[in-house]
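Here come two complexes built around subunit A, the first alongside subunit B, the second alongside subunit C.
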Partner chain A sequence: MSKIVRTQASFLYTFVLIFGFYIVAHGHLTPGGGFQGGAVIATGIALVVVAYKFDEIKRRIKKTSLTAAEGIGLLSFIIAGISGIGVSFFYNWLANSGLLFGESVTYGINPGYLNTAGTLPIMNLAVGIEVLGGLGVIVLYMLHFVKGGERNAA
Partner chain B sequence: MIFENLTQVLLLIGLIISAYLAIKFKDLLACAIALGIFSFLLSLEFYVLQAPDVAIAEAGIGAGLTTAIFIFAIRGTSRWEVEG
Partner chain C sequence: MRNALLVISLIAIFAFFLYVAVNPGDLGGNTGDHLIFGEPRYSDMDDYFIHNGQNQTGANNIVTSIVFDYRGFDTLGEASVLFTAVLGVGVALRLLRRDKNDE
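Up next, the complex of A and B:
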């Protein structure tokens, strides 16, 4: 792509990533969650992948790290689910416990404290990492399929 | 109330126009951009209909990833639509 697209992409990449992680971190308070935030982060990856040439992308974004992110996300989601197995699968044992994400919520309108909701934020984070890995791998494989690059499209 | 109705009518007209342009263009890159605009307007429509969750997913996947994948497909094949 042209120099304008490349400059825009490398400028916007950081902000798209920050917005995606914001959606993931506030998954239990605001609209959106793991899947939506992960899709936004993968959009940032796709932006860079569209803008640059094949060799530069191969140097900047490693396929193994995205696959590892997918695996780590799924594994930590299952671990977060199994960790409440003393009562039942997916039992929210962290909520209202005073530990990590364990602050109790007052009755009434949600004031929007981030440090609440128990294991839900952890699961959101796991799903976000998993989705960014999966969709990023899809985009990268699509690029490997058309390795020639820059031939017809300006 | 009138404002909401006006917004919805404008969004639906924009959806029809962008979908028509995506069929009509011979430049496939312009078609991909028109489809991206279609997805963006659709996500705005979801937001007006009070489904912000779906709107974020539509904006991320429809307007972002699908357009990128279309651009890769155009890179690998031809940019202009061939007649016949």
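Up next, the complex of A and C:
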């Protein structure tokens, strides 16, 4: 792509990532959550893939780390579900407990506190990591398939 | 002929949905003064979620509290579906690329 697109991409990349992680982190307060925020972060990866040449993409984005993120995300989601096995699978044992993310909330309008909702933010983060890894890997696979050849075998 | 049939069936389907939408109907046993589309009659479940969701899960976003807490097992299925889909895309594209390199 042209120099204009590359400059815009390098400028916007950071902000797209920050916005995506904002959506993931505030999943229990505002619209959005793990799936949506992960998709936004994968959009940032796709922006880099569209804007740069192959060597630069390879320098910036590692496919092994994306696949690792996908696996780690799903694993930590399952672990967060299993952690409530004392009562039942996917029991929210951290909510209203006073521990991490354990502040209690009463019914009604409130400004929205981050330190609430128990295991929900942890699950949101896990799903966000999984989705960004999965969609990023798909984008990279498409790129490799389009370019083809021995040189791109990563 | 086929186009005429298509148009006629589309008009019939549209007329049926229009009739159902505006008529306070007795189709499907849903009698009374409620519209079939737009106003569900029984809402015990969503009333329960709206009134108790914040107390029980501590999340302001009721949708998240349903998706990750009340229906967490369903979300586990969704996440594994995404994982499997990515796995399938990887396998398929790798096979295609190997075929192209062989020739």
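We adopt the following convention: the second predicted complex is superposed on the first by the 146 of 154 C-alpha atoms of A that agree within 3 Å, B and C clash if a C-alpha of one lies under 4 Å from a C-alpha of the other, contacts with A are read in each partner's own complex, and residues count from 1 in each chain.
Note that contacts are C-beta pairs under 8 Å (C-beta built on N, C-alpha and C of every residue); 3 or more make two chains touch, one makes a residue touch a chain.
Note that the structure is predicted; figures quoted are calculated from it, not measured.
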First, second, both or neither for A:Met142, with subunit B first and subunit C second: both
Between subunit B and subunit C, more extensive residue contact with subunit A: C
Partner chain(s) touched by A:Gln36 [first = subunit B, second = subunit C, both, neither]: first
Which superposed partner A:Phe90 touches (first subunit B, second subunit C, both, neither): second
Partner chain(s) touched by A:Ala46 [first = subunit B, second = subunit C, both, neither]: first
Partner chain(s) touched by A:Leu74 [first = subunit B, second = subunit C, both, neither]: second
Which of subunit B and subunit C A:Ile23 touches, first, second, both or neither: first
Which superposed partner A:Asn110 touches (first subunit B, second subunit C, both, neither): second
Set intersection of subunit A contacts, subunit C complex versus subunit B complex: 31, 33, 35, 135, 138, 142, 145, 148-150
Subunit C-facing residues of subunit A, complex: 27-31, 33, 35, 70, 73-74, 77-78, 81, 89-90, 92, 95-96, 101-108, 110, 112, 116-120, 123-124, 127, 130-131, 134-135, 137-138, 141-142, 144-145, 148-150
Complex contacts: residues of subunit C adjacent to subunit A: 51-52, 54-61, 63-65, 67-69, 72-73, 75-76, 78-80, 82-83, 85-86, 89-90, 93-94, 96-97, 100-101
Subunit B-touching residues of subunit A, taken from the complex the two chains share: 23, 31-33, 35-36, 39-40, 42-43, 46-47, 49-50, 135, 138-139, 142-143, 145-146, 148-154
Complex contacts: residues of subunit B adjacent to subunit A: 29, 52-53, 55-57, 59-61, 64-65, 68-69, 71-79
